[in-house]
Amino acid sequence: MPPFRDPAPKGSLFDRLRGANEPVWLSYVRHDFVRRLAAGTLPEPAFRFYLIQDYLFLVQFARAYALAAYKADTLDDMRQAANSMRVILDDEMNLHVKFCAGWGLTIDDILKVPEAPQCMAYTRFVLEAGNAGDILDLLVALAPCVVGYAEIANRLVADPATRRDGNPYREWIETYAGEDYQQVAAKAVAQLDRLEARRAGSGRFPALVKLFAGASKLEADFWQMGLDAA
Amino acid sequence: MPPFRDPAPKGSLFDRLRGANEPVWLSYVRHDFVRRLAAGTLPEPAFRFYLIQDYLFLVQFARAYALAAYKADTLDDMRQAANSMRVILDDEMNLHVKFCAGWGLTIDDILKVPEAPQCMAYTRFVLEAGNAGDILDLLVALAPCVVGYAEIANRLVADPATRRDGNPYREWIETYAGEDYQQVAAKAVAQLDRLEARRAGSGRFPALVKLFAGASKLEADFWQMGLDAA
Amino acid sequence: MPPFRDPAPKGSLFDRLRGANEPVWLSYVRHDFVRRLAAGTLPEPAFRFYLIQDYLFLVQFARAYALAAYKADTLDDMRQAANSMRVILDDEMNLHVKFCAGWGLTIDDILKVPEAPQCMAYTRFVLEAGNAGDILDLLVALAPCVVGYAEIANRLVADPATRRDGNPYREWIETYAGEDYQQVAAKAVAQLDRLEARRAGSGRFPALVKLFAGASKLEADFWQMGLDAA
Amino acid sequence: MPPFRDPAPKGSLFDRLRGANEPVWLSYVRHDFVRRLAAGTLPEPAFRFYLIQDYLFLVQFARAYALAAYKADTLDDMRQAANSMRVILDDEMNLHVKFCAGWGLTIDDILKVPEAPQCMAYTRFVLEAGNAGDILDLLVALAPCVVGYAEIANRLVADPATRRDGNPYREWIETYAGEDYQQVAAKAVAQLDRLEARRAGSGRFPALVKLFAGASKLEADFWQMGLDAA
């Protein structure tokens, strides 16, 4: 079993935001949905409801990265955002399409499902924070998702309680623990540090903490939505 | 008892959007929360939870009218949006402040209450729709609230089942049924018609119907949030 | 003759932004257009062209304050932006309407004049910077106008070279040197300091300097547009 | 010599917008800058000034397509906008980098050049129109550039007055007349028609005509900026 690899180095902006929000952060990354997914005991309807909503969520997150590309100050930040949008639209959504195909669902079927309030609340909160604020606000609101999934998956693969053989959710875990996704998360962590240096200072930290708290809470609600569907 | 006055004339854009969304519209304007408010049987904690969240909601709605003023094509539309913002910040919020004072709560107390997910979902949905789209999208997303409250209050004052004497929520009903608020709603209805003439056409109607449906559903969820709090 | 009153105290964010951009700042506040306006020797067609474009400019600036009200983090900042919008729409534009009436021009006549490229360049630069960034970016881009006019007018009333008697532009000078406008400028300076404390830090200063430089340059171009029209 | 191929079919929205703005459209597509580029008689400093500004312009246009991806209603429109952004960042800018390398200029050299007012005016006008309005407003404001260049290049290759041998600007003409770019323009024309069907109607046409006129005028100013630099 590999040791836990933290996608965020000590002292990085992400690490400090997480540290300033410990209770809500733990309620998200150690949510029952996650534990049961790791144990392979999550009821299929819960995962299915979650995954379909997560597809609708990713449509909005692709829009959020488009907005980040618009709001970027440099060609590098623009290219990084454009790449994140591409990864979501071309790669990450494929995981969902594969799982859904296993249940006999096509993309058109998924796109007809109404967005759950929890999906709407989180995605619109992020997009609105990004419109009202700048690229740093937007990326801080996105971080609990982008970096959080990398942290969660790394915890699971390092945890002896995680079942591998016969776990129907193994592919989910391995996708997010995989090198490709970990690279995306590491780049997101580094970008936050660059943007903090350029657009912030200690005075802005409390406002960013509050934003991070709001987004983390809405992520925890999103897991709960899955559990409640079973 | 006065007859019911419909704030939206037959054939107006608002009337057509409402007609195209009848089930969700009725689930909102005839919600149990509304019936019990009219009967004076709504538990105080339900109303209190609702009213505090509605204050937080109005902060976001004032922002939405600021965005509408920015997105206006004409000085008249800019002035109308600026006026709506002023009415919310200076008048409508006072109703809330008065009720809250009766419960021993100050504005600072209210502003410390975390926004409920249902408040967040609706307000951010509206603001985001307005950012992504144009002033017509924004005002259509706002309409179920602005015009809907005028319709609800008019239904209640025209309904023999509504209790007046000793109803603790009488002031709420009379504020929204009052001439000042009815004028605001009537102007909003007329503005939608002007904007439809200038920025839309029959081709755009289905997209507006969908937006109106989303906002109406989130309004119904907002009442339910109040009931669930009791 | 009153001594020069600087609308921006030493060490305020505005003062530091101005100090970091001295050449372009002086090219704006000491522009020939300003000198000749003070001397009363500015050709009327130059002033007239400027004033009509400045009216179109104010329409866009009212939109910019609407955007600032949307982007505000606090009710106080929202109210300050809403008030600035009101001052522009209800008061400042009246100065223009009065001058234009003297030339036989109505508001409708003015609104039919095409925006000059210099007007378009400055106003859209400000609005776009505000959309891409946060409220601090937006207010920094607005500051050379809002605070700059207060500084310019104060310089002129403190300058022995300024002609008062028979100067056709005396009312322009006295409006911007007047207590009402000076209060607006002083509040704008204080708001920038509050926002810097809340949303920035030393790391962000270079980006704000660049934004301030861009806006100051476009203000100087705006004066030049007036001179070139004569 | 190939016959002129019009990138916009008769009756398409683009064709109708162009038709409603004939004088300003012709002042742009038949501008002296274009004629002299075709004849190979454009002074090199004029082309050089233009090309460097056009690179800075493309940075802003990549941002505009990012904004369009955010504002898209469908995954298809989002992907088309993301692809346009990629074409600009990865392909179109290469033409500029090659020309600039021939003059001994690197990308870093170009990015240090201040944006000319004409570049700022056009790009910020487009971005701001897109922020204030919806995706249709944004794409109509972009169309004079995207589709106009395809039309101009097609006119030049079909025109006997165009010099091929020894024309230093031949690569510019052939890039925009080339199949790759023509495909981009054709898709942009088709997308406008789809969006008009979904988000507009005859009522909106006058507002779109005005937007198209503003953008076409700013394109003509951009050519003039090149000529004036020689």
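Chains: A, B, C and D, in written order; residue numbering restarts at 1 for each.
Following the convention adopted for this analysis, contacts are C-beta pairs under 8 Å (C-beta built on N, C-alpha and C of every residue); 3 or more make two chains touch, one makes a residue touch a chain.
As the structure is a prediction and not an experimental result, all values here were calculated from the model.
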Task: Residue-number overlap at the chain B/chain C interface, same or different (half cut) - done: same
Open item on the list: Can you check which chain pair, A-D or A-B, has more C-beta pairs in contact?
Closed with: A-D
Open item on the list: Centroid of chain A to centroid of chain C, CA atoms only: how many Å?
Closed with: 43
- [ ] For chain A and chain D, let me know how many angstrom lie between their CA-based centres, rounded off.
- [x] 37
Task: Between chain A and chain B, centroid-to-centroid distance (C-alpha), Å - done: 33
Open item on the list: Show the residues in chain B shared as contacts by 2 or more other chains, in ascending order.
Closed with: 63, 70, 131-132
Open item on the list: If we count contacts the way the header does, which residues on chain B are in touch with chain A in the complex?
Closed with: 63, 117-118, 120-121, 124-125, 127-128, 131-132, 218, 221
TODO: Show which residues of chain B lie in contact with chain C when the two form their complex.
DONE: 59, 62-64, 66-67, 69-70, 72, 75, 78-79, 81-82, 85-86, 89, 111
- [ ] Give every residue of chain D touching chain B within the complex, in rising order.
- [x] 70-71, 73, 131-134, 137, 196-204, 207
